[in-house]
Structures are given as C-alpha cells and as structure tokens.
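Take a look at these structures.
Consider the two complexes below, in which subunit A is the common component and subunit B and subunit C are the respective partners.
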Partner chain A sequence: MTLLHPQIALQGLATGAIYAVAAMGMQFILGSTGRVHLGVGQALVMTALFLGWTLERTGIPLGWVMLGLSVSGALAARIMHPPALWRHVLREQGDRAFLLITIGAGMAMEALAQWLWPLPGMASVAAGAPLSLSAVFIAWPKGLAIVVSASAALSLYALLHRTRRGKALRAWDMGSAQLETVGVDTHRLARWATSVGLGVAAMGGVLLGMTQVVSAQEWIAWSLKSLCVALIGGGLNPLSALAMGWAMGVGEAWVSQYLGPQWHPALAPVLLPLVLRLRSRGAI
Partner chain B sequence: MTAHGEWGRYGSAMSGLYGPPRRKVGWPVAFCGEEVSMDKRAWPALWAAIMILGLGIRISQGTELRIGASVSQTGPFATEVGPFGALLKAWADELNAVGGILTGGKRIPVRMFLYDDRSDEATARRMYERMATVDQVHLMLGPYSSPLTFAASTAAELHKVPFLAICANSPKIYERGYRWIACVIDEAPRYTYRYWEMIRHEGLARSVSFVVEDTLHPKGVYEGARALAQEAGLRVLSSQIAPRDTRDFTTLLVRLKEEDPDILFVSANIPFAIQFMAQARDQRLRPREFHVTHHGGPFLKALGTAAEGVTGQSYWTRAMRGPGADRFLKLLEAARISPDDYPWAPAYMMALQVVEAVLAGAPPLDRASLMEHLKASRTETLGGEVWFRENGVGSINTYPSQIQGGSYQIVWPPELATAPHIYPATKDGNRK
Partner chain C sequence: MMGWSLSVGLVSGGVLLALGLFLTGPYWSLVLWALCQQAVLAFSYNFLGGMGREFHLGHCAFFGLGAYVSAVCLDAALPWWIAMVGAGSCGALTARGLAAFLVGFRGPDFALSSLCVAILAGILARNLGSVTGGVSGLSTVVLDRGVPYLSTLALLLGTVWIHHTLMASRWGRALRAVGSDPLAASQLGIPGDSIRAEALVLGSALASLAGGIYPMHSGYVSPESAFGLDVLLAPVVAVLLGGPGTRWGPLWGSSLLVLVQEFLLTKFQESNLLLFGLFLVVSGLRAHTEVARHWAGLWAYLRAAKRSPCLRP
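And now, the complex of A and B:
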C-alpha cells in the first residue's frame, strides 16, 4: 500500500471538511469573545438528525434544506443566547460560567434530541451512485462536503474582512472595554457572533447528516473535536480552520491506515498540546 | 427544654409570638407557615394506618407477579429493540385481560416495571438496582446486548433476583460464576454455526475476511465464526477489529479490495453495519457475499436496494411458524412492531413463553424458588426448546437468513428454509 492511498486521502478530506466547518463555527465564537461554546457539537448533531427526518418526509431539494437549516440554527442560537446571558458572561471570569452554561444546555438538548430521534440518523444513504476517478470512488455528498467547506471558509473570511461587524470582531483581542470606548456594543456583537457561529455549525450538521450515521449522544465528541481543530488553527481565521480541518481528516485517515482505526480519535488531543507548546497562538 | 426537645422549645416560642400559648402535645409540625400539633391520641391511629398500608402493599406484592425490564428506547441499540417496551406491555395487558398469568391453576395479575436504559451500561445497572430495591420485582428480564446485560446482571446477583437474559450471549457474562442468571439464547461463539454448516455443505466459497465491531457480542460472535469458518474449509484472509464509533472505513475497505474475499463477514450492531455497508457500496467493494450478523429492519430501511442479497442471522420468520406464532403476531400487532423491522422480537417472545411456563409449574412466589424453577425448566417456544446449562447459557440459536426482494428468507437448514440461498448474491459477485 502507498504512503497514503488516494481513496483513503479523499475520504479523509471529506471527513476533514466536516471538522473544518464545525471548527469555523467554534472559532467564530472563541476567536472573538474568547468563550468556549460546547454547544457547537449539539448544533451539528441536531441538524444532522433533523436533516434525515426532513429528507425522509419532504421533497425539498437539498440546497434549500441546507440553507434553511443553517438559518434556523442561527435564529435558534439568537433566541437561546439573550442579552442578559451576555451581560453575565462577558464580565471578568465569565468564561467559566459560559462553559458550564453551554455544557448544561447541550445536555438538556441531548435529552430533547433523544426524545425526538431515538434512532441514529441515517440521511447518509440518500446518496446516489458514486463518482469514479480512475480506481478512486467518491460519493457525491462527500464531494459536496469538501466544496461547501471551502465555500464557507471563503464566505466567513469575507464577512470578517469586509463588514464593520466582522472588523469589530477581529478587534476583540484589544479587550471588550476598549471596544466599548469606540462605540461597539459588545453584548450585541457577541450575540451576533454566536448566531453566525452556530449557524455555520448547523451547516456542518447538514454535511454530517449527508455522509455519516449520527446519534444524539455524539454531540460532546463533536464539540471537543471542533474545539481542538479551532485551537490548533488558532486565532479568528476561517482559512486556518479549513486547513486544519482538512489536515486533521487526512491525518486521521493516515493514522487509521498505519496504526488501526482505534487510534484515529487520539490524533487531535495528542496534537493540541504539542502545537500549543510550539506556537501558543495556534499552528497557522 | 421541654419534653419534646428542640422542636417543643421552638414551638413554644413561635406560639408566644403569634398568639396565646396553646397546650402542646406531641410533635409540632410546620405547615404553610403555621404550626400545628398532633394529639397523642392520633399516634395509634397513624401507626395503624401505616401498618394497614404496609400490609396492603405486602399483600398486593404477594398476589401479583412483578417483572422488571429495561429496553433501549434511545441510543444506538434503539435501532434493534426501541419499541420492545410496547411488546412487553402488550403481553402483560393480554394476560391481565383474562385475570393474569396462570400459576397453580389460578391466575395472578402481572405488573411490569419498564425503563429506558439509553443503551448505556451505567444507566442499565441503575435501573436494575431500582427494580430490585424500590420496585421489589420477583423477576427481571435482561436488557438488549451483552455490555448492558453484563452491567445489569451484577445488580440481580447482588440482590438475588432471578435474571432472565434475552439477547446477551457473550461468554464473558456467564464466566463469572453468577447463580441468578439464565439466558434464552446460546453462547456467541455458536451464534453462526448454521451459516457455516450451509457454506460447508454448498462448497462454493473459498475465503473469508472479517470486519468486527469492538464490543462484547460482535467480538464473541467473531471468535466463534473464525474457528467455524476454518472448520468449514475456508481460508481466513484477514480480521479487522474497529471501534464501535468508527465512521470512516476507507482504510479497511482498501485492504479488503486487495484481498477480494468470497465472503465478507461483518460482525457488528446495526449503526456500525449501516455505516460500513454504505461506504463499501460507495467504494465498489464486491465480495461474493456480504454476511452482516445484524441485518434487521433499520439496516434494510437505511440501505434500501444496497442491502439486497446480504445474509445475516434471524431467530424466526413468519414462514417458520412454531408454538405460539399466531399469538406472537397478535402481540406484535398490538405493539405496532413489524417482525421484519425488529428480528430480535422473537427472542423476547421466547423469554415471555419461558416465564409463563415457569409460573405454570406453580412455584412459590419468592425469588429463590423462581430461580430454581427457571434453571430447571424446559420450554417449547417459538424458536425451539429453551433449556439452561449450569452457567445459565440457553439453547436457542439463530438461522441464516438472506434479504431477497426486500424481505427476509431463512436459507438453512433445508427443513426450515423458506427460500434457497442465492450465492453469489448479485451480478457484482460474478465478476471473476
């Protein structure tokens, strides 16, 4: 077998595309407000489960479903993160409270998801015939996942560099007090960043639902994986999240090829401290 | 301090504040901010009420059969047994409609205590602790799967409650020397012996590769299947064990394509099996036969035509009939369960038939006697005769079945087969 079989690399890239989109959602909140939102995995998983349910019962085209679920994810996030929450968690030491609040909300949502979808979601098999490139096959949802992840990274990059809110988010590093002195409403900005971040994560959920079997309990694993990728990517940079997501997917495929599939989940948590030891602001 | 200790002292102080002092007898109790006291004469009446109530509970426990069970209504195992709580309830309702379960010529009501174990070992163990201590059940029916049964049966052993395992055949469960466990089905290593008997008889397949989910039951089945395949004269090309939550099988699939086995044997639970099969079809893996041990309804539903020709294991199909078949189908209808969707439902029916047979022997309704009668019982059930070995392992085994035209057909042994085995299963399999 070659160093990395093209089929394995392609599959790794498709998995990495989901990591990348999830990490972009996480990074949008973490990179601006400095708060770890552990509910990101829940946005991913619930959307994936909802996708299976929607595709089974309606004839809505996938593109519209993806758009609708991403917007719904953003709106739901806006409702579930009221201004009062931000007034509380943007204070000094509020990051710990935010972490606990989001993990608590994630657990509550898990109970809801278990009730709504007791069976694992299986929209993945809605796929048609795979595309063939020589001896390498790729199912079209996986190809789509790679394309969507790249498009999402470019769109978010533009959002951060071309809009006033995006520029304000990038300036959060100087401190929320300083931001407020130049007229930025940090509570509103944090709420907006969370809505966009969870909307992006919901888009990742669509990709997840199209390509994998998913169950309600997996949310925390997805939160932690996206957190690792976002931290390794570093800063508030969707392109770095994309690169790290893809690299993580291919890296896991490589680990799986040489060490066995049981070892690939260990890659992200092993890489994280190594990267942060060498570069405290992330790899890129 | 008064004769009533601290309570009395606070009571006096409070009454001084809010009104003229009253004569205090008995313990004062705060109720909606007001203090009320209980007359001494009330105590005997209260004790009598408690005793009558307690006696009532004991009497009701003595005249009803209390059965506890957990079902994985949520979590990964919900694909296999999600609605079985409704089946158990339908059984109890059916019996209670005619006065209850028959024991010693009379009928006593059946009371089921059902819980969702969330496909989680710790939750299952907690639920069975509760059944033993709070619900005071006479008998427990095991949860689905070996890992959950492994955890839950420790509660039964600790509290000395008869535990009838149903779909749990890992030898590890029965190697612990537990005395309070019995299982309807045979041990995992023999789970597929009829399939290998058929393969040997046909003499068409030459090689096999294994893909195994790294959990108790699939590993137990694999260990037995590997030895049986070798005994049947097949060459084992590889055995790949992958974690339960594996989502990307490309590495395994690339190797399997190079090996090109005649039979690809997937020993796994349904979510793992669906994920694997979907990717195997995407990447054009073409063994002559896919044998997926758990290929029940959700597997077929998720994969659609991609599941056509896949062989697997079933305990029973409609065409097999057997004792209690009509009743079983009625119960399934009442519970709104399709036997095609949930191939383990017959094993649950067999367990219920065993419970009825044991009770019919009129054992005293205490746990020790029930266990003794259970271990000594021999019951004709839907899927054959159930009896138990010393370590609790049962006698029921699966039959090889194949998805043909979207439905399940038993393909071996010839006397029970409902359709012939199609091998290779699809035109893809004729590639050589």
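And now, the complex of A and C:
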C-alpha cells in the first residue's frame, strides 16, 4: 500500500494551490502591517461566486475574467481601505480595532452575498480533456490552479525583491518608525499592500470558483485557513506560502485517506500552535 | 467601603434582575437571561482578555465544553447541580492542562493558538458522534425556567463579585502589570506565566459554568450553538465595546451587544446581518471611545460637580 496515492496527492496539491494563493494575499497584509485581515476569505468567496455569474452571462474568456476580477478586487480594496483607516489602526492597540472592522465588514458582505447568491455554487467552466501524467489524471481547472499558484508566488517574490515599494514592505518588518524616518509614508504603503493582497486573494477566488462548490457563509473558514498557512509559512515570503499551501493540501489529502475526510479540517489548527511553539517566525 | 458599596450594588442589582426575569413576559425574560449569560462570559473573558491584555479568541470553547458536559450529565439523568459542578470542574481541569502549553505564547501567537483550540473543540464535537451526537448534537430534558434563571443570576453576581474583588487585589494589579509590560513585571519579581495561567483557569471555569446552564434552558446543544463563530466572538466583541480591563466595561458591552442584536433581529429580520456587520465596523472605527470610558467620564464629572458648586448643572 502506498503512503499516499498519487491521484489523491495531485488533488490535494490542487486544493493546496488555492490555500497558497489566499495565504500569499494574507501574508502581504500581515507580513507588512502586522494586522490580521479577516476579509481575505470574503474576497476569495465573493470572487468565486461572482465568477460563476460572469461566465454564465458574458462570453468573456476565462483568462480575461481572471485578470479583470483580480484587478477589480484590488481596486475595491483600495477604495475600502482609505489612508484614514490605516492612521486609525496602525496605532498601538489598533490590531484589535482592525480585527473588529474586518469581521464586521466580512459579515456585512456575507449578507450582501447571501442576497445575491442564496445557494452554494460553482462556476461552469468549459469542459476539456483531463490532463494526464503517466497513470495520474487531473481536471484542467485543477492543473491550472497549480500553475497559477506557482506563477503568482514567483511574481510576488519579484515584486518584493525588485521594486522600491516591495523593498519598503520588507523593511517594515524592522519597524514603521525607522521607515518613516527615511521618508516612507507607511499609511499609503499599507493601503497599497492591502490592495495587492486582496487582489491576489481575488485571483485565488477565481481558482476556488473553478474547482469547488462554495457558499457565502464559508468566508471565515477560508480566512482562518489562509491565516494558518500564512503564519506557518512565516514572514513576508510568497515562496514559503506556496510551499506551505501545497504541503497543507497534500497533508489534508493524506489525513482524509487514512483517518477519514471528516478529520482533514483538523490539520491546520493542530499544526499552527505546534509550529508557533517551535519556531515563532514560521516553519520556513 | 468598596466592599460595602459593591455588596449593596450586587444585592440591589440581583433583586432587580430577578424581578425582571420572573415578572416580565417570556420574550423579555429570555432577553434578560441571554444578557446575564453574555455578561458572565464577558466578565470571565476580562481576566485574561482585558486585564491580561491577551486576545483570547478561544475563551468560549470552554463555554461549549461546559455545555456538552452538562448535556451528557443531564442525559444520564443526573441532578442539575451535579451537571453544573461537572461542567465547571471539567472546564477548569482542561484549562489547567492547556495552560501549560498556551501561556508560553504572547500577543498574536496566543490569539491564534487559543482560536485553534476552539476550532479543534468544534471539530471534535462534530466527529465524536457517539459522545456528542455529531452534527445534530444532543437533546436534553428542559428544566423548569426557575433553575436556569436563578443559577445564571447567582453565577453572574458571583462572577461580578470575584471580578471586582480580584481587580482591586494584589493579584489583579500583578495581572495588569504582566499585561502592560511583561518584561518590567518580571524584573519586579512577578511570576507572569503562573499569573496568566491562573487567569486562564479562573476565566475558563466561569465560562464552563455558564455553558453548564445553557442546555438546562435550551434543552439542546450542537457544535454550532456551542462552538459557532458568533459564540466565540461574542464576549470578545462585548469587552472591546465596553472597554477591555475596565470594571464595568464587560457589563455595558454585553448589554449593548445583546440589545442591538435583539433590536436588529426583531426589527430588521432581512438585513440584520448586514446592519450588525456595519455596527461592528463603526465600533471598530470608534474603538478608542468605549462605552466604559463614556460612563467613567460622566461619573467623574458628576463627582466633581458634587464637590464643586460652579460645576453643578
């Protein structure tokens, strides 16, 4: 008996790809500002539900829809996170206020999503032949999810290491006071990081909508899962988020195979405290 | 002096609440009962979450644990008071066991680890069907409303008394010092970890007792009603609204939370989730003006006005 059937491992990798993309979005905000944004799950779920509606009513190709929804997610995030908000929540004890605000906004958007999409749904993407690797098969949307997650990680890594804003974000880890001393506007930077983070989460939502049935109430579960993966990955590092997202997906597939599918949600909450206990800066 | 005023306040508040619980109609007595339960959870959260300045997101996991222990005891035809004692002691023992692991964390790590404990508790409740009844939960005998109402009232008064007494004690000051500046507190010889562990056990035991009463009134406990997100977040939101670490903040916060939720649920059935979400957003934006601070400001003004004739209205 194999440790993990390759077919199941590949399915796990596809689910892990969505975790990874959502975790990259979460990490972008958390790693720079130090604030937990629970609305990331809402960006994921709303985009997944909106994808089905868009593909059903318009004939726009999937690639353009993915790009359009990611950009729309980033623009919506920019509008909903004005500099005044960051001035309020980047103060001492502002983390609690930010958590309250993001939970509240998530609830309000859940109400809106329930009104627009009362039933769980999945986008009906064009059917195609499954991709095959020797004797292992995978549906093309799942294969696409794996490829997109890897590309997103590489692009974000380049953004963080090659651009001035990316370098400023990484420098934030050393403290906002030092950053302000050298003339960086941290409130504007936080706004930019949130826009990019939620835009990336919206891209994860497109992958989610293509591969899984999703309902409006699931946003908080997705927020918590992406938070777990982001923290286990540690720091502001998209490549570690990618590795941990994939590992989490494959790990859940392994748990499902050996203990039963009802136990796979337990993996992240078991791993996170253990990783934090052993390495407070994440597993990688 | 403090002891007398507190005792008189508790007795008069208890009599008023008892009258409210038994003399108002079924709807308002239910709202008052929910308010008392929420206030117990908020006061018990305020030990570690307010005075200890930790974001204890898993506090209500102990409420759920107490509810399940009590439901199992009631299902086995044990008397209600044994169910309550069982719930409280089980909560305290579990918290004692977890404290060794949890108090090593600080700040966001503590918040997330305690949240993970609550999520795991919910998963166990769903999957250990032979004990917990699985997703559908456990049904129990509904007791006469006097038992849950009076025991909740007694628990609330006891919790407020413990909260206020400890807050003014050496232990309470030490906990606040550990919450404000752990390094300075340790340099002054305050054993931070053991004080935080005591606060965790005390708060968890009180939350478990509140959970122990829950199935006596509702006759039912399920993973959603015991470990649901709204249950987990309610005391955190109540204390944030009222003012963390303040004397009466948990009471104002839980009153505001329960009354706003009830108002929205009855008047705006279709859009209550939307309005409640917006209420949380506004509360977060106005987090520096907690209810307790308004009350403290008004109280200080009235005291000053009493002393100085020129300030009298």
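Definition applied: the second predicted complex is superposed on the first by the 277 of 284 C-alpha atoms of A that agree within 3 Å, B and C clash if a C-alpha of one lies under 4 Å from a C-alpha of the other, contacts with A are read in each partner's own complex, and residues count from 1 in each chain.
Here is the rule we go by: a contact is a pair of C-beta atoms (placed from the backbone, for glycine too) under 8 Å apart; a residue touches a chain by one contact, two chains touch by 3 or more.
Values in this document were obtained by computation on a predicted structure and should not be read as measured data.
*Asks:* What is the contact status of A:Ala253 with respect to subunit B (first) and subunit C (second): first, second, both, or neither?
*Replies:* After superposition on chain A, A:Ala253 lies in contact with subunit B alone.
*Asks:* Let me test your reading of the model: by the given contact rule, A:Pro82 touches which partner, first (subunit B), second (subunit C), both or neither?
*Replies:* neither
*Asks:* Using the superposition on chain A described above, determine whether A:Leu231 touches subunit B (first), subunit C (second), both, or neither.
*Replies:* A:Leu231: touches subunit C, not subunit B.
*Asks:* Contact-wise, after the overlay, does A:Ala108 reach subunit B, subunit C, both or neither (first, second, both, neither)?
*Replies:* The answer is second: A:Ala108 touches subunit C but not subunit B.
*Asks:* Of the two partner chains, subunit B (first) and subunit C (second), which one does A:Pro261 touch, if any: first, second, both, or neither?
*Replies:* first
*Asks:* Which partner chains sit in contact with A:Gly12 here, subunit B, subunit C, both or neither? Use first/second/both/neither.
*Replies:* first
*Asks:* Output check: A:Pro269 vs subunit B and subunit C. Expected answer is one of first, second, both, neither. What do you get?
*Replies:* A:Pro269: touches subunit C, not subunit B.
*Asks:* Between subunit B (first) and subunit C (second), which does A:Gly175 come into contact with in this model arrangement: first, second, both, or neither?
*Replies:* A:Gly175 contacts neither subunit B nor subunit C.
*Asks:* For A:Gly63, select first, second, both or neither according to whether it touches subunit B, subunit C, the two together, or no partner.
*Replies:* Neither: A:Gly63 stays clear of subunit B and subunit C.
*Asks:* What is the shared patch of subunit A, the residues that subunit B and subunit C both contact?
*Replies:* Subunit A residues touching both partners: 114, 262, 265.
*Asks:* Which part of subunit B faces subunit A closely enough to touch in the complex?
*Replies:* For subunit B paired with subunit A, touching residues are 73-76, 78-79, 82, 118, 214, 240-243, 245-255, 258, 271, 274-275, 278-279, 282-284, 298, 302-304, 306.
*Asks:* Could you pull out which subunit A residues touch subunit C in their complex?
*Replies:* Against subunit C, the touching part of subunit A is residues 34, 36, 85, 88, 93-101, 103-112, 114, 220, 224, 227-228, 231, 262-263, 265-266, 268-270, 272-273, 276-277, 280.
*Asks:* Under the stated contact criterion, what part of subunit C meets subunit A in this complex?
*Replies:* Subunit C reaches subunit A through residues 55, 101, 104-105, 108-109, 112-113, 115-117, 119-120, 123, 126-127, 229, 233, 237, 240, 244, 271, 273-274, 276-285, 287-288.
*Asks:* Along subunit A, where are the residues that touch subunit B in the complex?
*Replies:* 1, 5, 7-8, 10-12, 15, 114-115, 118-120, 122, 124-125, 127, 130, 132, 137-139, 212-213, 215-218, 221, 252-253, 256-257, 260-262, 264-265
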